[in-house]
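One structure is given below, represented as structure tokens, and several questions about it will come after.
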Amino acid sequence: MNITLEQAEKIIAEAKSKSTALDTKMNIAVVDAGANLVAFARMDGAWLGSLDIAIKKAKTARFFDMNTGAIGELSQPGGSLYNIEHSNNGLITFPGGVLIKDAEGTIIGAIGVSGSSVENDHAVAEAGASAI
Amino acid sequence: MNITLEQAEKIIAEAKSKSTALDTKMNIAVVDAGANLVAFARMDGAWLGSLDIAIKKAKTARFFDMNTGAIGELSQPGGSLYNIEHSNNGLITFPGGVLIKDAEGTIIGAIGVSGSSVENDHAVAEAGASAI
Amino acid sequence: MNITLEQAEKIIAEAKSKSTALDTKMNIAVVDAGANLVAFARMDGAWLGSLDIAIKKAKTARFFDMNTGAIGELSQPGGSLYNIEHSNNGLITFPGGVLIKDAEGTIIGAIGVSGSSVENDHAVAEAGASAI
Amino acid sequence: MNITLEQAEKIIAEAKSKSTALDTKMNIAVVDAGANLVAFARMDGAWLGSLDIAIKKAKTARFFDMNTGAIGELSQPGGSLYNIEHSNNGLITFPGGVLIKDAEGTIIGAIGVSGSSVENDHAVAEAGASAI
């Protein structure tokens, strides 16, 4: 199973809505089960540098099938996955990347959000992932 | 002046509609005046390899403020811009990248489309660019 | 549907057998439906430079759902896809990349072979793809 | 002396067997004395992001002729090799990369394993390296 564009667009719409509710401006990326981009939106005035971060967060979540923040806890100095970020042409391992699952719980893709605090980024990603 | 996300989404919707009318499956990318991605959509079943090409076409059009096909005529062996594709982390210089202008004719971004013949790619990009 | 490792290993075994029959030494790569590597083998004495080519051929075939040689016919100087090789971190568009389909004809991956003439590369790739 | 494909395949078979015994799903890469890929296998359901990590672990071990974890102890903040991971298009310096030696103790290649905890990754790499 793989995410459809219709599902990805519903997810982005919900993420935009949550971002507006939080008074933030986000870059929002959705990748499929193969970690390839399906849909993307950069809200007006969102940080340019967050464009790449949003895409890398979505890919990172799918690469390891967990939220990005969970990887970041292990990649700290002295941690078991220190500097894992150098793999896969660059990972982003702080919060804002969340898995997308279908009704049966199968992973069908991931969403990555960047543009505000990591707490807000994660909240917007969660809101998006919950849209389907 | 720069393209807004709302405009980019209108452009993508129109491009998707044209793509469906042509019975094709496209990757569609919209970049702003700074050649940075604003919105993207990969239609279900569209070629994976066209993801990167669609984005590169949009960037290429804005990099030189002309349709991608016009650059490709100059980059042939013996041409004045031979192998310009090696610059900017890779250009795509065949048709499918088209400038987006506002009502006054100011360039505010570009659209890149990939997934079918270059004729269809260009037609879908033109339809998208004409949406605003 | 996606290729399994068991299927990929059967394909590589068949490709190695064909390569030996042709008195060649090949690099053989198999990617899944997401164009990600599943299995790889470099036969003793095979060209080192063919390692990357074999992987790129497999990816290229899946990126556009056709044999690599078909793309190469369109990417020549003056062709409609001239210099498409600059996309996707480098394509290889001469023969040796072949799609892998299941019994129902669904594309589940691709094989890329490099190490001899393009005729031999293609013959080995075909032999591998026919193993399942 | 250099590793043969037959040896590399025996190593991968042993590593898969150990991985199954540990109830894990691994990406397994074997490089030769020149740090170039010889054989690779991604077990069904293994993390996509571990593909690149397994290959980088194998290369890293051979690049410096020591297990990857030993390098990671020196690359921490304040350490003598701080951020060495930036070299060679990206190193991975946590456990899971192990040297492969022949009967005389000569280094003939390296194995890299990724897909579980670093303890499991290392155990599977050790099992593989001990197969010859």
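We just call them A, B, C and D in the order they show up, numbering each chain from 1.
Please note the rule applied: a contact is a pair of C-beta atoms (placed from the backbone, for glycine too) under 8 Å apart; a residue touches a chain by one contact, two chains touch by 3 or more.
Remember, it's a predicted structure, so these values are computed and weren't measured experimentally.
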item: Of A-D and C-D, pair with higher C-beta contact tally; value: A-D
item: Chain B and chain D, separation of their C-alpha mean positions in angstrom; value: 42
item: Computed distance of Cα centres, chain D from chain C, in Å; value: 25
item: Gap in Å, rounded to a whole number, between the CA centres of chain D and chain A; value: 29
item: Residues of chain B engaged with two or more neighbouring chains; value: 48
item: Category of the chain touch graph - line, ring, star, complete, other; value: other
item: Touching pairs - complete list by chain label; value: A-B, A-C, A-D, B-C, C-D
item: Chain A residues touching chain D - in the complex, by the definition given at the top; value: 34-35, 60, 62-65, 77-78, 80-84, 86-89, 91
item: In the complex with chain A, residue positions of chain B that touch it; value: 4-5, 8-9, 34, 36-44, 48, 51
item: Chain A - residues contacting chain C, complex; value: 32-36
item: Contacting residues of chain B [partner chain C, same complex]; value: 47-50, 52-53, 56, 72, 75-77, 83, 85-86, 90-94, 117-118
